[in-house]
Amino acid sequence: MDIKQTQAFSAINKATEKAQQLGVNANITILDTSGHLKAFLRMDDAFLGSIDIAMGKAKTSMLFRMNSEAVGEFLNPENGTYGMTNTSGGLVGFKGGMAVKAAGEIVAYIGVSGGSPDQDFVIATAGSEL
Amino acid sequence: MDIKQTQAFSAINKATEKAQQLGVNANITILDTSGHLKAFLRMDDAFLGSIDIAMGKAKTSMLFRMNSEAVGEFLNPENGTYGMTNTSGGLVGFKGGMAVKAAGEIVAYIGVSGGSPDQDFVIATAGSEL
Amino acid sequence: MDIKQTQAFSAINKATEKAQQLGVNANITILDTSGHLKAFLRMDDAFLGSIDIAMGKAKTSMLFRMNSEAVGEFLNPENGTYGMTNTSGGLVGFKGGMAVKAAGEIVAYIGVSGGSPDQDFVIATAGSEL
Amino acid sequence: MDIKQTQAFSAINKATEKAQQLGVNANITILDTSGHLKAFLRMDDAFLGSIDIAMGKAKTSMLFRMNSEAVGEFLNPENGTYGMTNTSGGLVGFKGGMAVKAAGEIVAYIGVSGGSPDQDFVIATAGSEL
């Protein structure tokens, strides 16, 4: 079951409210479970460079079906996975990307960028439960 | 004056309502006046191939500050503008891209793809006046 | 329901047999319904340049949920759809891309290149019914 | 002597059987000795992000005629080879890429991704002897 447009806007609205509480200007991306763009919002004054980071976190989470920071553990060069970070057009392995669930089932992936990784994680989490 | 997040969602909602009236499943892109992504929605069952077309129409309109089909007149190979279609990462020169105005001033560009060019034009027009 | 690995090989084998009957050395691509690569075979002596064409035909068919040559009708510059051919990383709008069905349901998309468009169409058709 | 289509499927089948023994869902790429795609299989439930990693491992092994993890030793930033990882469209320098031999001669390169690097190595090895 892939995410519906009303669900996608609901996820973005929940994330936006949390971002406003934290005083963060975030970019928020919703990808379907195959990685195709479903919805996006750049909050006012959010960094332009964070558009692509938000896209990358959601994509990275989707590609490996785990949080973006969990993929990041595999990207640590100390693990010897040289070049993995450049695969699939570039992976983004820090906090802010995760699955979006409805009734316990994964329906999409969300990527958030604009604050600190910890803030982005909290904002994404707010949008991850429909 | 660049578009605000509430205005961007307003534009998408107006376009979505028009699309639903026409029975079209559309992709709707809002770019700021510099061409950076502000907001996006892929309506349910919209063609995946139309994501990029909607992006391209809005970009093309922004780059030349005219409707996408007006840029298209310059792209007609009969005009001898060989290769112009490939500039700026690829132009899309048919109906569905135009400026978004608030109080008579351009604040963004909208791109719509999913129906026929004429349908896309009507849907984009619905989202172009805030 | 997305295509299984055994079904993907079955589709490739059916297409390969048909290609051998026709004396064509074909490239055969199977994409899932979201466009991610599932299986591929380059038959011996097939053109290297046809690898990407086979990929493009399957992608084009998937993106618009119709045969690649049906998308091609929209790409005709006489229709004024300038630049559409360059969207989504490049569309390929001639015969050889179509849906793969199992029990009447679309489970994948096949793209074939190596012979004439008509030969590619016949080969793809052979692989399109599981 | 470049790999034949029947040999390519044989290599993929051997690797697939090994992966199933290990309980790994792998992506398996076969490139010819020039680096052009010959055959590919994404096993059911394999990570989408591993498609490109499998491709990258086989390419990396082919480009330097050694196992992908042997190339990885040159990519370690401690060696001062800054930027080498980005060459040739991106190298992938960990286990899972190696030559495929028939009668002692290199006829292709195999790349495997989906399990741990050690699992990918075992799976690739299974497909590397025809």
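Chains here go by letter, A, B, C and D, matching the order in which they are written, and residues are numbered from 1 within each.
Definition applied: a residue touches a chain if its C-beta (ideal position, glycine included) is under 8 Å from a C-beta of that chain, and two chains touch if they have at least 3 such contacts.
Just so it is clear, the model here is predicted, and its values are computed rather than measured.
A comparison of the B-C and A-C interfaces places the larger number of contacting C-beta pairs at B-C. A repeat of the A-D interface exists among A-B, C-D or B-C; more than half of the contact pairs are identical by residue number at B-C.
Each chain gets a centre from the mean of its Cα atoms; for chain C and chain D, those two points are 25 Å apart.
Work out the mean CA point of chain B and of chain C, and you get 30 Å between them. Centroids of chain A and chain C (each the mean of its C-alpha atoms) stand 32 Å apart.
Counting partners per residue, chain A has 34-36 as the residues that reach two or more other chains. Those residues of chain D that touch chain C in the complex are listed here as 4-5, 8-9, 16, 36-44, 48, 51. Against chain B, in their complex, chain C makes its touches with residues 34-35, 60, 62-65, 71, 77, 80-84, 86-89, 91. Across the complex, chain A is touched by residues 32, 34-36 of chain C. Listing the residues of chain D that touch chain A in their complex gives 47-53, 56, 60, 69, 72, 75-77, 85-86, 90-94, 117.
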